[in-house]
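Each structure below appears as structure tokens.
Heads up, the next two complexes both have subunit A, just with different partners, subunit B and then subunit C.
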Partner chain A sequence: MIKTALLSGTCIALMASAAGAEIKVGFIGSLSSDTGLSTLRGAEIAVEELNANGGVMGEQITLVSADTGQDPTEGIRAYEYLAETEEVDFIISGSIDDVSLGWLPRMQEYRIPTLDTWTSYIGIIDMVVEDPDSMAPYFMNIASDEALATLYINFGADVLKEKMGWDSVVILAEDTAFGEAITGLVTEALAPVAGIEVKEIITYDVATVDFAPIFSRAQDTGADFIYQVSSVNSQVVSSQYVKLQVPMAMTGVNVAALGMEYWEDTGGAGGGISTLSPVPSVGFRLDPASQEFVDTYQAKYDSRPLLPHFNGFNAYHGLKQAMAAAEEAGGFDNVEGWAEAMKKQDLVLELDGQLWLRYAFWGDDEVEPVTGRTYPHNIRFDLSEPFDDAAPSMVVVQWYEDGTAAVVYPEKYATGEFTLPSWVKQ
Partner chain B sequence: MLQILIQGLLLSGLYALIAMGFTLIFSIGRVLNLAYGAYLMVGGYMYFWVSQTLGMPKLMGVAVAALLGVLMGVLKYRLIVKTLKGDHVAVEISTLILAVVIQAGIVLVFGDSSKILLPIVPGVINVAGASVTYNILIATLISWAILLGLYAFVRLTHTGRAMQAVSMDAKGAAISGIDPDRINLITWGISGALGALGGVFFASYTQLSPSMWVAPLIISVAVVIVGGIGSIIGTLVVAHIVGFLEVIVVATLAPELRGVFTMLLIIGVLVTRPQGLFGREEL
Partner chain C sequence: MGLRWFHYVLWGGLISGMFLLPQVVSNGTLRTMIFANYLAIFAISWDVLSGRTGYVSFGHPFLIGIGAYTTAILTKRFDVPVEISIPVAVVVTMIAGLLVLLPALRIRGSYFALVTLAFMELLYQLVQVIRPDLTGGTRGMSGIQTLTRGAANGYYLSTALMLSVAVSMWLLMKTRIGTALAAIGMNEESVRGSGLSTTRLKAFAFLTSALIAGLGGAFYVHYLGSLAPRALFDINFLFTIIVAALLGGTSTIIGPMIGAFFMTFLLEYLRPVLPGAERYFVYGAIALLLYMYQPKGLVELAQRGFQRLRKGGLA
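And then the complex of A and B:
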């Protein structure tokens, strides 16, 4: 009922201000998750601003929503609904990896220009490399997980190995496409690049609610720290780590910790955990344009998420870029023309006179120097200091035991120090 | 090994508390109360609302949850079970539907995102390398105390002996002057309270979510099937079998297989010993 009301509310509110509109944008994602709502709200604000400035190609924009419930099957239905019933011109997605993988074949079939703001699965970029024609409508404006993992490995080498002196890790990973991808990338690189041995990989079901025996097993490996990969129900593993005062540090990827509601969601049992995060993250210094977006967001919405997740920023800037590309290409019908125009989009956001964030895409044949591969249709990112070509693919966010959070890596973006929980001995 | 023993004991105590209310109803009313998991869910959420949202004392949260459990049990018996007059299939289907309706109500009131309960008793101790929270330790001790109290109640009180009589032969009990309707009402009330209390401890150990009623229901069904229509002691024993099985599987094999062996145990018992390991016993 809530979802229906939200859906109706979104449609009514936006359609009321856009009578006679001809450009229809579809949102696909979970309407009950902070992740999905971040993308939806970012898109809503972008649409309102564009409409206030005369729309696109003289036409107003409407926004309709389709709920995936974070379920791949529902995601396919949602995409079909947007394509067949709503006949949208463009789709903006706040889907999680498994859901995007579900509807991708539909996107190839309907050929609707689509921008993913949350999914980071490198396998999708590989599909663009292998089959550029059928993947022409697809863009991803979050750094792919390979880029996330690559920079995280640097964090492993610079901080976990060099500063903390840790030599070994046990990986706790949920059984999802996201978990498998991140685990594979981290496992392959930690030992050769950072000199950290992976003692064991413990995979658990996403429905797991009792982590006590899993943490015991992790301790038994004798590893120096835990690397967690969790995108579903992440607050459970975090809160049990804190409640059990597991005597090992825990870092990694914890999606629940990416939002300001993390502290409330863990009942205050979330301190001492660090997670990699795409940018902008919690504890991240914002450039003036991004701050203005946050101010507008907070004036407009008084329910969670009170601060948009990174994908809210991606949706806000990405939707505007998609519309600008449509203007250049004469609309969305010419998918190849739109895709070419999309590749030319380049928004540089500066803070203190230096590049801070950048919304642009890699060229089709452009090789990223650190990984030595191409990332067509993926947002441009930078994997090495001084991050003067683009923003880093990720930052590491530390949640402290007093409920505050800060960026602790890389140094250019740091607003705090990497610390251990009070119950963990160095 | 000692870690497995400790964690197995703690988890099993919780499972025994969870399963006891379900077993009571099945033993006396011969009904699989598939809304039983919803008692746990409502108990957990009520505790959350009273103690964390309203900021009232935790004990009051526990008491309010238990009282609400009693009320739910009594209302369910009066409005559904008694009305359907022994049509077990109809009762089971209606209780399952009721659980889904309650879940929808929880989503409406509290939203569908998971919530973490503050521990009822904060703190942690390390026992033989295993981190043990005071919360689960207290939950286990209370679970044992409740089960022993229930055992004493059934064995030593007039009402308890009447419950035993109804569980063995409702008609015979009625001829002896026992009011089976009253006994059933009391049993549903006790079951509701046990479920709600189990929910408070289960949620404080794991999390609150609108789908949290499913796992405890499966545990309860497993205990009834594996144990047989049961005794309190039988429930305690089987809860420990299930609890230890889960901990051992997670610690030595793979966390993903946690519930699989419990399911295999259910199938195995159904095939080889349909009456359950402990057969048909009086309460």
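And then the complex of A and C:
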């Protein structure tokens, strides 16, 4: 009798232990932003698909989330919560630049494999170069901002300078970390490479609601076009540009225009504006695998963002790659082994028989030929035609006055033409 | 100073209890307590100045930021050891505290609050444009030397710091200087009329407050390991400090400590239930209701409860 009870007890304990065995993934990012939700939902779909196929290493995956509220200190607390309270095995991040910089010291301390899908700050890749051991758990599967800006300069030379004949630009930049970084990268390269003179840089507060004086000042510079850098309050500057019918073309980086909700958010006053975007973007032709992801996404979620932003794709494919790397390395505990396996991940997505997107990472000592530097742990990107090694670091998206959007650069990915708003004369 | 036996017992019990805590709670809880400890330090610092003298400062992140940036720049950019950088940061913050004192010599009330708010905004703008190679500009700084590794070590350090500040300030406030500072908050003219120099007393309060803010800010940044101007010079950070002091009970030492722990744990315990921004709404609503119900803070509630127990026991 006692033996039977002991045996039953042992069996129950073992079963409970087996049922409790799981791989825990933590999401860190903003739960109230379209970009944060894109990463979370991309990860959720990947987890569901992996679990439906038997999980990883025979274990089911669970996903827990920690909101950062886009605040760097909250980001640190969120990372600590995932590490110490939830004891996650792997973290997927939809954090913005300074939030990622905030929790990076915690990642170095806990050594939890972490994949960033949104932050593109080249300074973090520089940290991998300088301190590869402590940064071993970190990977970034979006092209770094330096690569984004480098290809954008080509757009400046090929389209803005050569096709449109523009010689000078005025930069309107939000007073943010992102605005400062992109402005710096563009101004350093636009003049010497594309031959476009930067007439003036106008920095404005993110809470600005009246852009009439700013546009007026931009016109007074006599520049040929406006380069806008906006990541926080992008809808306001765009809609006022349209409503005021500013007689200058405006391109640049407009984060609001990266999502399908842009048209609705601007009240239909968002046409005529173009923006740099990481891939895949709105108006981007999708390969079959990515299209299948979008179909699943749209069947599952009926709230914004209705189409995942680029980082949703990065989370979906990236999480699967992280799990495949864990399977190869025997789990996440051996961080160096996992990192080595992660570096070998290579997902080539083809469209019409040619390479379209690629989820792979640069080798540690591999030099990118255009910039002449290394990008360890950063997603592999291609900065020159015909983009047969990887996807371009960015595309340029054009919003038209009828509410549609298309990719206009580079040519291989173009689904539309770069055009001026109807009220701007060439 | 009027120290009684039960003072030693209560402080001794609190100190022993806090240092034994890592034996019984999880690392996750310790991490939360570390943030609560730092918030308690900032709230005590604010209370020494604003709770006592009535000069409500909206610029406390300015002082904390000076301490944090000074040590961060010295250690990261100039390889100065923390043993030197932290004392230097405290001295620099105290000098900055004198800057905050200047408007207090002429104005008080809402005008003083607005001027101090301007100090915070000014520093926020300055660190982004002046020598961003040193300050890290808008992105701030990462990879700042941390003093401890692991939840328990971080907890012991922050607890030791918080308790040192709390006991020192408690002892200070038991002296005649503490009484005079509280009197300034009640009626500054009467204090002046009694022959005391209110300027000297205010300077003392401002310097003491700055000392604690600088010390807390310096240790805080060496705990975080990173520094972001957007988070440090943030109105939410300021309000968290003020609400912790108000909710716990101003013009006390234990009040800001209780307020800081209550708010930090409330927010953290809401996280699994309400992972998104909703928890801030619930947290704000609870804080508001508590403050409306008992404006003298949680300390007053605890004291009333204790008195009822004593009366019940005697009856």
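The definition used in the following text is that the second predicted complex is superposed on the first by the 405 of 426 C-alpha atoms of A that agree within 3 Å, B and C clash if a C-alpha of one lies under 4 Å from a C-alpha of the other, contacts with A are read in each partner's own complex, and residues count from 1 in each chain.
We take it that a contact is a pair of C-beta atoms (placed from the backbone, for glycine too) under 8 Å apart; a residue touches a chain by one contact, two chains touch by 3 or more.
Note that the coordinates shown come from a computational prediction; the quantities given were computed from them, not determined experimentally.
K.L.:
Contact-wise, after the overlay, does A:Ile76 reach subunit B, subunit C, both or neither (first, second, both, neither)?
P.N.:
Only subunit C; A:Ile76 stays clear of subunit B.
K.L.:
Which partner does A:Ala315 reach: the first (subunit B), the second (subunit C), both, or neither?
P.N.:
In the superposition, A:Ala315 contacts neither subunit B nor subunit C.
K.L.:
Quick check on the superposed pair: does A:Ser32 touch subunit B, subunit C, both, or neither? Answer first, second, both or neither.
P.N.:
It touches subunit B and subunit C both.
K.L.:
Please indicate which partner A:Glu109 is in contact with in the superposed arrangement: first for subunit B, second for subunit C, both, or neither.
P.N.:
A:Glu109 contacts subunit C only, not subunit B.
K.L.:
Residues of subunit A that sit at the subunit B interface in one complex and at the subunit C interface in the other, please.
P.N.:
On subunit A, the overlap between the subunit B and subunit C contacts is residues 32, 175.
K.L.:
Per the contact definition, I'd like the list of subunit C residues that touch subunit A in the complex.
P.N.:
Within the complex, subunit C touches subunit A at residues 26-28, 30-32, 35, 128, 132, 137-140, 142-144, 146, 149-151, 224-226, 228, 230-231, 234, 236-237, 268, 271, 275-277, 280.
K.L.:
What does subunit A use to touch subunit B in their complex?
P.N.:
1-2, 32-34, 175, 202-205, 207-210, 212-217, 219-220, 233, 235-236, 239, 243-247, 265-269
K.L.:
Can you list the subunit A residues touching subunit C in their complex?
P.N.:
31-32, 65-67, 69, 71-74, 76-77, 80-81, 84-85, 97-98, 101-106, 109, 121, 123, 127, 175-177, 179-181
K.L.:
Sort out for me which residues of subunit B touch subunit A in the complex.
P.N.:
Touch list, subunit B to subunit A: 3-4, 7, 10-11, 52, 107-108, 111-119, 124, 126, 129-131, 133, 135-136, 205-207, 209, 212, 215, 246-247, 250-251, 254-256, 258.
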